[in-house]
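First chain written, first letter: the chains are A, B and C, and each begins at residue 1.
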Amino acid sequence: MNENSTRRQFIEGSCRVLGFVTIGGAAGLLTQRASANAVYQVDPFKCTSCDLCRTACVLSHSAVKAVNDFEKCGYCMLCPAYMDVLSKPDEHGIPTGKVCPQDALKRRVVGKVDAEDPNNNYYEYVVDEARCDGCGKCVKACMAPAGNASLRLEIRYSRCVECNECAIQIVCPDRAIVRVAAPGMAPAGPVR
Amino acid sequence: MEPNDRDTTSVSVRDRLWKAWLPGVAAVGALAALVAGSLRVRPTPKAAPPRAQPAGTPGPAERAAAPGTGARAAAPAQPVRGLARTYSQSAVLGGAGSPDRFLRSLTGIAVGADDHIYLLGDDEIRVCDPGGNRLRSWQATAHAGCLAVGADGRVYVGSPDRIDVYDAGGTHVTGFTAGEKDKPADVTALAVLGTDILVADASARIIRRYGPDGRPRGLIGNQNKTGGFILPNRSLDVGVDARGVVYATDTGRHQVTAWALDGSPLGKFGKFGMSAPEDFVGCCNPVNVALTPDGMVVTGEKMVARVKVYDPDGTLLAVIGPEHFDPSTTHIHLAVDSRGRILAADPVRREVKIFSLNQTLQERERP
Amino acid sequence: MRGGWHLESARTRYLCLLLLILAALASGMLSAQYQKKPPDFGGTYSFPTPTHPEPRAAWVRTLDVAMLVAGLGLGAWIVLKRRSRDGTVLLSIGTIAYFGFYRKGCICPIGAIQNVTLSLVDSRYMISLGVIAFFFLPLVATLLFGRIFCGGVCPLGAVQDLVLLRPLKVPEKIDRALSWLPYVYLGLAVWFAGWGLHLTLGTWQIQMGRRFLICEWDPFIGLFRVSGPFHMLAIGAGFILGGMFIGRPYCRWLCPYGGLLAILSRVSWKKVEITPDKETDCGLCAEACPFGAIQHLRADQATCLACARCYMSCPQELERRGIPTGDGTLIQMQRP
């Protein structure tokens, strides 16, 4: 009986050691490849504003929002992302329809303003993040050549819950949601 | 020994707590949270459409021109009738399959006094004869974006903040910085008349006039309420006719504006419109302008990529339709030779299309 | 060439994420023309500073690993040393609060199986030290102390453990048959994470890229996020309702990580043992265990989920704590 239990303990002990060694080896191998923490972000060059960002996020109010890059924005009065250029024009010839279904794109006139010709000025466009639902209609309308492509969809980390596998990334038809390195550690080498 | 009543009571209460109350509360709470989540539920997303992407995936610019987007929707389907002039394509230079095509970029075109064609692309200046055969070429400055040719054959090349001058053989003669000390220029176009060099500065939104040595001679276009042109697309084009009338594209106002060399305004024409052919579409058009030898104004537009010819009062004379140009282009660089042929450079396809004037209506109606 | 989005040359500074995006935009512009500067609008205008919120900071992610270590340590002490059911329950509540509702269940060691698989298959796949720690630390803890991770540290297990009201006895044959499922799930999860499914049978074809099945079918992540697609919430509700009457169905018969832990805990150094050397063989622990882990009056290490319920029912254990035990009253109390 004692011999049996000692032999059993020996086998158990060696299996345990084997387990530690395997774990240590695998962990060591992976640690060599360890790199930055990864988060998901939208690649604006691949995105085609298909509207799935609005519906596919696990959150009911998607973490993807439109963002305007002010350095690229044309500050157009006739912004194709703000107004539907093909809609019925008013008496000044300015189209009256809006592109954003949530009315999330806001504008105000800036710069040296021509008070007598209010329709010919520069306008600053800002996305109201609380209203934006990430549908991407404004992003699509701002694409070249109609616009300067200053509007893009972006995953806002103040809202994203950082799922291990982004639910939007699964359904994105352009593979536009990519993993990027979060601030902190440098990636060890080529990354995916 | 009798069990201690107090102890067993306290143990059994705690027992019941862990065994009955806690699981019940936990289960109810969890189910409530799931119900709350289901009230915020959205339909499970549909499966992604098949990913039929070719190897060279087109960028957003190309995809913007896909069916259904604004550009294609706004393009007039039928050729415009009833105009005084018609043009037809007579040649294509540097197109696909051409041995001398530009590989990376085509950003400027000008015509010299001898009808030689001067092209700026692939970081070099290329001089061709009217048939398109290359005569000579030399390297341009880095980031060169526009060029103009003087009557004496001198070539003026604009980089973002400086102008470089070459002689007819390609030797660098002089160069000067455009703009003011604390406001570097963004040179997007050049025009030359005699000794005046007209520099389109998109950063200051005006046209700067310089002498041949780079000495500033004045400003054109700042005499309006906004202190300059409205340029949402950050690009200003300039042309000058033989009489010294300077034409500039006020893209945000959808106008072609005319000025004297001293800066006084002479007139303007054009307005925004998505349907009428004489109007300019989109947010910022026309993006390019050139002058014909008989003083007509040639304009280039983006979004509905087309070239139009107006008389100086703004009457539409001809439309060279979008079928000739790439729908995603943001410019159509223009030049006109002494025979009135319009040379239109498409920077996306990197080719130059030459359009010749057909008989005008008046000539046709002549008995 | 629109080459801006190959991440081989990504540099990481504090704002590396923002720089990556802006660099990609800039390189795209350079391919066509010189980067246009914004014009001078005249008047007094200054560009607004846009906000680009940062993802979770690196130190917070390190805190997650520290909390995992603390949880495992606490779990080992509570289950093996203190042998306290109260402590296990409190630890479960704590883990549901932190790893469940605060971290929204991501990232967990169960899901980390997929990240580790993908990293082993594709060396370019970004995996962080935190994810590696999340995968390996519970394995080490199991080799040392048994399935204490399952006991009070895993948020999925904790949810099922806390809603268990009246466990029904599952016939042994069914239990044994179902206990193969975790390995099937593990195999599927590894296969889909590493390679995806590419099948051609005659004219019938399936092409599916790499997917994280464990994440997509996680029963309780909808609960922790209080949001999600309908099928996820339904699965969660199903497991909660089922878990009220069947002890920990996901842990015993589905959890792929549990399958790994079951193998490792057979040779663990310290085990859940019921007052060794003092067995009275009364069988009260076997009745108390909702998971059928007490076989022949000994704890079966592979199945024992370290919930500490057996200790609460053992007369020897209660005596050790000084809780008086009379015969009749005790048996009345111990009905689970």
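Note that contacts are C-beta pairs under 8 Å (C-beta built on N, C-alpha and C of every residue); 3 or more make two chains touch, one makes a residue touch a chain.
Because the structure is a prediction, the values reported are computed rather than measured.
With steps allowed only between chains in touch, the distance from subunit B over to subunit C comes to 1.
The chain occupying the central position, as judged from C-alpha centroids, is A. Centre-to-centre, using mean CA coordinates, subunit B is 53 Å away from subunit C.
For the pair subunit A and subunit C, the distance between mean C-alpha positions equals 26 Å.
Touching of two or more other chains is recorded for residues 2, 28, 36, 38, 42, 225, 227-229 of subunit C.
Residues of subunit A in contact with two or more other chains: 44-46, 60, 75, 111-113, 122, 167, 170. Contact of a single residue of subunit B with at least two other chains is seen at positions 40-43, 45, 59, 226-227, 234. By the touch rule above, subunit A contacts subunit B in their complex via residues 44-48, 52, 55-56, 60, 74-80, 85-86, 93-95, 111-117, 120-122, 140-141, 143-149, 167, 170-175. For subunit C in complex with subunit B, the touching residues are 2, 28, 32-34, 36-40, 42, 85-86, 89, 159, 162-165, 222-223, 225-231, 233, 236-237, 240-241, 243-244, 312, 323-326, 329, 333, 336.
Residues of subunit C touching subunit A in their complex: 2, 4-5, 7-8, 10-17, 20-22, 24-25, 28-29, 36, 38, 41-43, 45, 47-48, 50, 52-58, 61, 104, 106-107, 111, 114-116, 119-120, 122-130, 132, 136, 139-140, 143, 211-212, 215-216, 225, 227-229, 264, 266-269. Within the complex formed with subunit A, the residues of subunit B that make contact are 40-43, 45-49, 51, 53, 57, 59-61, 63-64, 69-71, 73-74, 224-227, 230, 232-234, 252-253, 271-274, 281-284, 302-303, 305, 327-330.
Of all the residues in subunit A, the ones that touch subunit C in their complex are 12-13, 15-16, 19-20, 23, 26-27, 29-31, 33-39, 41, 43-46, 58-60, 67-73, 75, 110-113, 122, 124, 126, 152, 154, 156-158, 160-165, 167, 170, 178-187, 189-192.
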